[in-house]
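A, B, C and D are the chain letters, set down in written order, and residue numbers restart from 1 in every chain.
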Amino acid sequence: MVLLTQSRQALIGFIGLGNMGAHMARNLIKKGHELVVFDVNTQSLNELAKFGAKVAESPADLASKTQNIITMLPSHPHVNEVFLAKNGILAAVQKSTRCIDCSTIDIEACKRIAKLCSEKSIYFNDAPVSGGVTGAENATLTFMVGAQKEDFEVIKPFLECMGKNVVHAGDVGHGLAAKICNNMLLGISMIGVAETMNLGLSLGLDKHVLAGILNTSSGRCWSSEVYNPVPGVVEGVPPSKNYEGGFQSGLMAKDLSLAQNASVETQSATPMGSMAYNFYKQMSNQGFFKKDFGYAYEFLRTKKD
Amino acid sequence: MVLLTQSRQALIGFIGLGNMGAHMARNLIKKGHELVVFDVNTQSLNELAKFGAKVAESPADLASKTQNIITMLPSHPHVNEVFLAKNGILAAVQKSTRCIDCSTIDIEACKRIAKLCSEKSIYFNDAPVSGGVTGAENATLTFMVGAQKEDFEVIKPFLECMGKNVVHAGDVGHGLAAKICNNMLLGISMIGVAETMNLGLSLGLDKHVLAGILNTSSGRCWSSEVYNPVPGVVEGVPPSKNYEGGFQSGLMAKDLSLAQNASVETQSATPMGSMAYNFYKQMSNQGFFKKDFGYAYEFLRTKKD
Amino acid sequence: MVLLTQSRQALIGFIGLGNMGAHMARNLIKKGHELVVFDVNTQSLNELAKFGAKVAESPADLASKTQNIITMLPSHPHVNEVFLAKNGILAAVQKSTRCIDCSTIDIEACKRIAKLCSEKSIYFNDAPVSGGVTGAENATLTFMVGAQKEDFEVIKPFLECMGKNVVHAGDVGHGLAAKICNNMLLGISMIGVAETMNLGLSLGLDKHVLAGILNTSSGRCWSSEVYNPVPGVVEGVPPSKNYEGGFQSGLMAKDLSLAQNASVETQSATPMGSMAYNFYKQMSNQGFFKKDFGYAYEFLRTKKD
Amino acid sequence: MVLLTQSRQALIGFIGLGNMGAHMARNLIKKGHELVVFDVNTQSLNELAKFGAKVAESPADLASKTQNIITMLPSHPHVNEVFLAKNGILAAVQKSTRCIDCSTIDIEACKRIAKLCSEKSIYFNDAPVSGGVTGAENATLTFMVGAQKEDFEVIKPFLECMGKNVVHAGDVGHGLAAKICNNMLLGISMIGVAETMNLGLSLGLDKHVLAGILNTSSGRCWSSEVYNPVPGVVEGVPPSKNYEGGFQSGLMAKDLSLAQNASVETQSATPMGSMAYNFYKQMSNQGFFKKDFGYAYEFLRTKKD
């Protein structure tokens, strides 16, 4: 069997062929790797099979066939299931197998699985992504990797088949920590920009003038410059397309809930992060789960009574 | 009498020779203008006199001597006093005088004075600054100007004697609106970065690694890149110098209070801006008024019990 | 002319015959007082005329006819207009007139008018109410009065014609201060109860059991006991009647905005009060201005995605 | 062996003899029960032994000696340890043993242990308390019990030896849910009262007058009436005794962190609860962990600059 450490042309197991995972798996195949895949969705499996992947019958079956496994799953119950269930990876995993989990999950849940893997002498690293479906499709994702330095070097080339930035965040769990921190700050900034633009427009400022001033001043941030939530300020982004596509508000709420967990776990104060969590959760509860997260602007926009 | 409209070599009245104003007045003299100045602080007056300025006995006296008046005062009661008191500008102002108020004050207070000026056929424009004492000293301030287009063109060259960016924000009051909006977003971002860095460090991330990831990702903002509140992340900024110098937390609270007023006035929701106001107000109440506003990090930093 | 100080049977001017004011004016007539009334709404005026009131042509006209004036207006621009306009009270007011303003307005606006009155040697006291339209109709309002002790004693019997509790809060402006403080705490408590009930129900608790536990424990408050926002917990209150009637969310937002003004004016931190303001403002912006303020529960209720 | 179901004179195992637990154990002895106790602190054990309790060598040893076990521990890692460690309860527990956990812990952690107990055919119920050390000493605690109706009836008489109110909150986990909800609302109310009193006093109101008005109006709550955080308003409570004794701010932060966990777990929005968590966490971080939670008033009190 060819290990990640030995060759660029490896047999890779891939579990989780959703919106993101299917593109990531295809990109690995395009770069010349052999794939064995698994998903609970048969249709997704068949599509990858047509694209050249072998199909496993379960995570355990997959684990018996390869020592290189990538997982890309929606949340930590799925990851638990895939690793720990009766037909899960750990039921049939071979020694020295390398597991890379690209899911965005709770840090404590990640560490628990990492510990179980370690007890079986298998490698486990977290490598959550940013860049969305577009990044997955175009292999331009950013990976934030939690791994020992030497492990990072081993897995980096494989992640580079699926993304353009592979960042070493620290040890196991730190990839998730970095992603969760970034997205917490993103959630805060987006609401901050939304309410600032709304206030400015209510005060009579022109949206382009205000955005221009912010973007050349100390208020400048990614959410004001690249992804301004006011329709028409930045062309082509979801806020200018009726908040369709992009990063769903409900998924932002999920990432912010992971930050809340981390905040409680570490006994940290995150006043703005908490407010952002509650804001997006209320938006979702009001029926805007699927709207791009720039919808924060519309959610708090001043209407005349 | 030489008007701003007629010559670059004008006689300019300047009221308010504090930390900022004294530097600004000197820069006008350095660029060749004649100055007549007023301040309640005699020492400040004397120092400008040594630098070549004439001294007025009151705002009214000053207004009787020039039709070009710049004011740079701490808050709107001072501005009211300077314009409306018995010896105030309006008591002796000449028709067609041009008043430029560089103070950061309440928008409604600004509009009230502008209206009184207009009734006397004199010009009034708001031109609040950003850039701090250093910017005032080095003539690198940014001016955000609220003025009719033709008035903006008239006063721009004079402001350029004191700053390097002179931005036209819109009509009267819009200079203040732009500054207040920018600083509200800045206050939000700074707290957001502070709590994000604190959470990340509590999770075991390295401060340089985390800052690096944020600054190349969607969490990026001025407060994370240029002025990171964690000591040692950015060299030379106040957070790396025991939070001395820089933008005082108490003054940030003041600017955020202006945003609160504007929010209520326009019936806007500014959840994060309100939280930022209360955060900096509590910091000030706890004794940290004079600390740089990056002290937000220290104020919420996790300590082990 | 019969003054308030001389008789229980007085001639009273009443300005502002809206939902609250019309009932209050009628109650004064029922208790035997003579009324002269003014409102911009002719229909309201006619109805009071049918009930026995004389009609004034303007606030000035009214002020020329009586030295006892009660005002009950929606917000401080209306109060300014009624007192300061060309045909306003101050244009024709007689010395020693007693003005009692029952409106809920900005404290600073109240103090400005009080000062102008004082300069004309007329009395001005604030006496905002709580108890709503029902309280106005049934003469069971609570009045919170800002007045010198001796003035309080003079006006108390007249207010008792319209309400059952007349509380002396302190000097001029303190009636408003008390009301604004109470309503800020009420707004906070209501949201607090709403989210607590929602959390408990999401955790599987029965709504009656949870309300019962809170109401016998340290979480107990008026909003949990008397006016629980979960439909069906307290019978007969607006939350149990589809949030119709009661205290409109938009008016709660208005009262909270007055607290925001007071907070900035006194440089106080009101983190929860600010959040409550923004919460009700967002609710209003989302279209729920007229819903009872207990709708906070519905606004943040957890829905399954 | 005498079971709880058979007699009022039972042999009861008690684990956790801290500030609360030691008093609770003594009260059981006073009411005629025999006790076997365990704690990691030898001194605490010795003191209970002097009072007549037998001493066990470990939770497992204790579990081998009685089928009635009460635990009172600081947080869920302790509970996990006591139940699941090598020498833990589950290592030696007898069938049909009844475990009552009076600790205030994470609901999910409670449910996990309850499930493990159920798999071993032993009873597990949560019965967290309120009332503090004084309540524990005087046997006036309130117990909020999560149990099947028939189990509640069985354990109620025993809890009544230690408290005066024993409330049935619902099934397993619901005792904790009720306590966490109550304390979240309490934390919110206390901050709300603190900032309301501070605002009112800043506006010039007398503290007794303001408290009196709130307590007869819709702002009324336990924190304003019984435990007002302004020194001198209510005699005898910790806020009137330099915030010594009472409910520590750091422990309030802990309870609020459990509410945060519950909020994320159930995908609920708790904007005020989150703010309260962050507020008390910041207070703790600033060095006020041990101050009574009414110190919220002092923490945000307006000081003159």
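The definition used in the following text is that a residue touches a chain if its C-beta (ideal position, glycine included) is under 8 Å from a C-beta of that chain, and two chains touch if they have at least 3 such contacts.
Predicted model only: the values in this text are computed from it and were never measured.
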Common touching chains of chain B and chain A: C, D
Copies chain B and chain D touch via same or different residues, half shared test: same
Centroid distance [mean C-alpha coordinates] between chain C and chain B, Å: 38
Whole-Å separation of chain centres (CA-atom averages), chain B against chain D: 51
Multi-partner residues of chain A (at least 2 other chains): 263, 267-271, 275, 279, 282, 285, 300, 302, 305
Sites on chain A touched by chain B in the complex: 107, 130, 142, 144, 165, 167-171, 173-174, 177-178, 181-186, 188-189, 191-193, 195-200, 202-206, 209-210, 212-214, 216-224, 226-227, 259, 262-263, 266-273, 275, 279, 300, 302, 305
Chain A contact footprint on chain D (complex, rising order): 253, 257, 260-261, 263-264, 267-271, 274-275, 277-279, 281-282, 285
Residues of chain A defined as touching chain C within the complex: 250, 275, 282, 284-287, 289, 299-303, 305
